[in-house]
């Protein structure tokens, strides 16, 4: 438990989450979501959950990102909101 | 409709904050989930895991032991979840193969 | 393999079959069906064995991995879970027989993954019912819900949208449940239901416990399609392929009801959820509104599947009403209605499936009396099931409403009683509308002469399950006293009433 | 979907890196007893190494490495390994997944550890197979139909 | 007071994230945005579980021979970690299924916008 690190990471998490939800370009949103996942992985590791952080880094930031990008390339890139 | 949804969201947030006022402090080793015995006197599972994971499985990584031994049925279920997802993508998206592509 | 493993065997059989099907049926599509039917048949036998075992010996606990509960995961086979498992599996077996032709018609090249996913769904349902561990319940909930989304999405053109909306709602529900589990885990330090039940009386007044309970109930109410959270249900059931609808409608929502009953009455205790928190009252009132709403919406529908979907909302409301009464009679009514509604809805959806295969539609406005001549047995089954939905004795539908009415009288809750009576009338309106079209029109002599109506009944594999269900509605109605005395009264937890 | 620009560097680098990722993934699976890691992480990394080749070289060339039709059966096999481990224990007289009953001889003290390893291998295979299968199916679900 | 803040700020951040995710799931019109909201929601639940597991001055739950296994306060509670491994994988599975659904929706309607979809659905209902 390191409050300074955790609070910094939390703020970044909130920022990336807001960006991912509000940006109109879906590709940007997905990249932002990948950053979100990666920061959350760091957060887990900061909280002492090494296994979970590892899994999140591999699955959340890796595979999910790839799948999201495929989805966007298969469909459309723009979002109305 | 929109207003109703906002009310739902705000209610949810307020409910969560209300609940969080009753949480024990983070990192408090005396919190109930970290104790040796539960209130009813039964063994508290997490402390059992910490004590005996190595003895039972000769494996230092407690998370692995819990995942694959103490609560391995969960893991089987979770693998099944992945299998379900794969089968559903198969069900919804895979084109029918002709004999030609199979070779 | 000794017989002591039977409590765990049913989900495992389904799981093993589901994992085997993609391998052995990757080239030959037709193998998938007999395999899954066999698995389903075995599961029916095991559930019968299990319920006999429970009635003889009392509840059985099964420890996975040999670890006793607070450490490991357990399955609990008590009269309640054994009963629900039997109901689910026998109905699923009948519907599976029926589904052979439907699936062959609707998506012949998708049979392998379809049956694998059906097996996974049943595995999830059985796992939810049998488990004695909160987190394990979540995992199996996700298995069954994911399978459901996929099975719904292969239907008509609009089905993926319905499935997507269901996915969003369902994920919110499952996440709420997971969060509630986290709250309870935080407050008690345990995930095992029996363990938590022992710990809870010490900490009833804590915020964490109360909010956790509310979150869990909301999550499950979404899965159960309780009134304000029912939005996903009508579209999903309407656009889903007939085979899926017939499989899901009788079983899917009941699982949510089962979990709510288990959490409220068996783990938290009646006095807490009805006296310290007004939770059951809220549920009861919402259910009452839902009953009226569902019945009225059902009257307005033209498509038979959609009408049945709205009537499902109303019928789930009856179960909610039984929960809301929080007395033994109400519980008997609710549990009995879980079984009855499963029977009736299965029968009605099978009838809708028969209509769709033979007539090509199930639009109520286009029903004529020629159907009566064309498919006499199917329409007879329909008549029986709809009379049961209305609640005429001696069909099963009457008895669950009877117990619910007794429960309301015992609580002197006259408004609920009025709701039950009014909704029976409304049910009568929307079912007699169809019955009138099929049966009560005088035969048009001239039309009879011009176009000869040939008798072309549905295929035997579709007809037999329909008729078995219709007969079951009558027979179980007659035997209901036996079922209530023999099984359901053993379910009622201590401290109730 | 992703246009193969015929960039030799991307292809070459991914071809060089991919086996090392695989090796590391295997290390993660088999070393999960002693350090963070295990079946999921390793399986996902295996899938990632396969996906890397698919992304860099295009799906058609990657068929030579891992065929499209293998994903789902491999996932099933992974689940079946897990299932069979538990079921064997059941047949030997224990409850489901009770690894103690797996041992044939009397060196029972380490059987649980071996059971855990078997299970992790099953998990790794299943996760790898299914993730690759999901990728392929998503690519194949052609929106232009 | 400061202790209370130190012991709870993680939960408050987590609840804010959760509400944000829920907002995305309910209010966003684009289907992919809804899924992004869903991911955020699930991640925040995972953060909640992980946050409950922490202990001051404890180390990661891998047995260290130098510390031994007698004192539970020396190791972080390992059970929530295990549960969350499962939850992460469940999340990926959900995402995969959702993608399959989104692709089949796009295949049929050529749009991912909820409001346009509803309009098209209504038009179809009228023509039927």
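Letters are used for the chains, namely A, B, C, D and E, taken in the order the chains are written, and counting of residues starts over at 1 for each.
Convention: a contact is a pair of C-beta atoms (placed from the backbone, for glycine too) under 8 Å apart; a residue touches a chain by one contact, two chains touch by 3 or more.
As the structure is a computational prediction, the values presented were derived from the model and not from experiment.
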item: Given chain A and chain D, the chains that contact each of them; value: B, E
item: Relative to chain A, chain with the most remote C-alpha centre; value: C
item: Distance-maximising chain from chain B - centres being C-alpha averages; value: C
item: Selected interface, B-D versus A-E, where C-beta contact pairs are more numerous; value: A-E
item: Inter-chain centre distance, chain C versus chain D - centres from mean C-alpha coordinates, in Å; value: 36
item: Interchain centroid distance [CA atoms averaged], chain D/chain E, Å; value: 24
item: Whole-Å gap between the CA centroids of chain C and chain E; value: 28
item: Inter-centroid spacing, chain B versus chain A (mean Cα positions, whole Å); value: 20
item: Residue list for chain C, restricted to those that touch at least two other chains; value: 15, 19, 22, 64-65, 113, 135, 139, 142, 146, 149-150, 153, 160, 185-186, 191
item: Sites on chain B at which at least two other chains make contact; value: 16, 23-24, 26-27, 31, 33-34, 45-46, 49, 60-61, 63-64, 67, 69, 71-78, 80-90, 92-93
item: For chain E, residues contacting two or more additional chains; value: 6, 10, 16, 22-23, 51-52, 54-56, 58, 60-62, 79-81, 83, 85-86, 88-90, 92-94, 96-97, 99-104, 106
item: Contacting chain pairs - touch in the sense defined above; value: A-B, A-D, A-E, B-C, B-D, B-E, C-D, C-E, D-E
item: Residues of chain B that touch chain E when the two form their complex; value: 2, 5, 8-9, 12-13, 16-17, 20, 23-29, 31, 33-34, 36, 45-47, 49-55, 60-63, 66-67, 71, 74-75, 77-78, 81-82, 84-86, 88-89, 92-93
item: Residues of chain B touching chain C in the complex; value: 15-16, 18-19, 21-24, 31-35, 38-40, 42-46, 48-49, 69-74, 76-78, 80-81, 83-85, 87-88, 90-92, 96
item: Residue ranges of chain B in contact with chain D within the complex; value: 56-61, 63-65, 67-69, 72-73, 75-76, 79-80, 82-83, 85-87, 89-90, 92-95, 97, 102
item: Chain E-facing residues of chain A, complex; value: 1, 3, 6-7, 10, 13-14, 17-18, 20-21, 26, 29-30, 33, 36-37, 40, 43-44, 47-52, 55-56, 59-60, 63-64, 67-68, 70-72, 74-76, 79-81
item: Interfacial residue positions of chain C with respect to chain B in the complex; value: 15, 18-19, 22, 64-65, 67, 70-73, 109-110, 113-114, 116-117, 120, 123, 127, 135-136, 139-140, 142-143, 146-147, 149-151, 153-154, 160, 183, 185-192, 195, 198-199, 202-203, 206-208, 210-212, 214
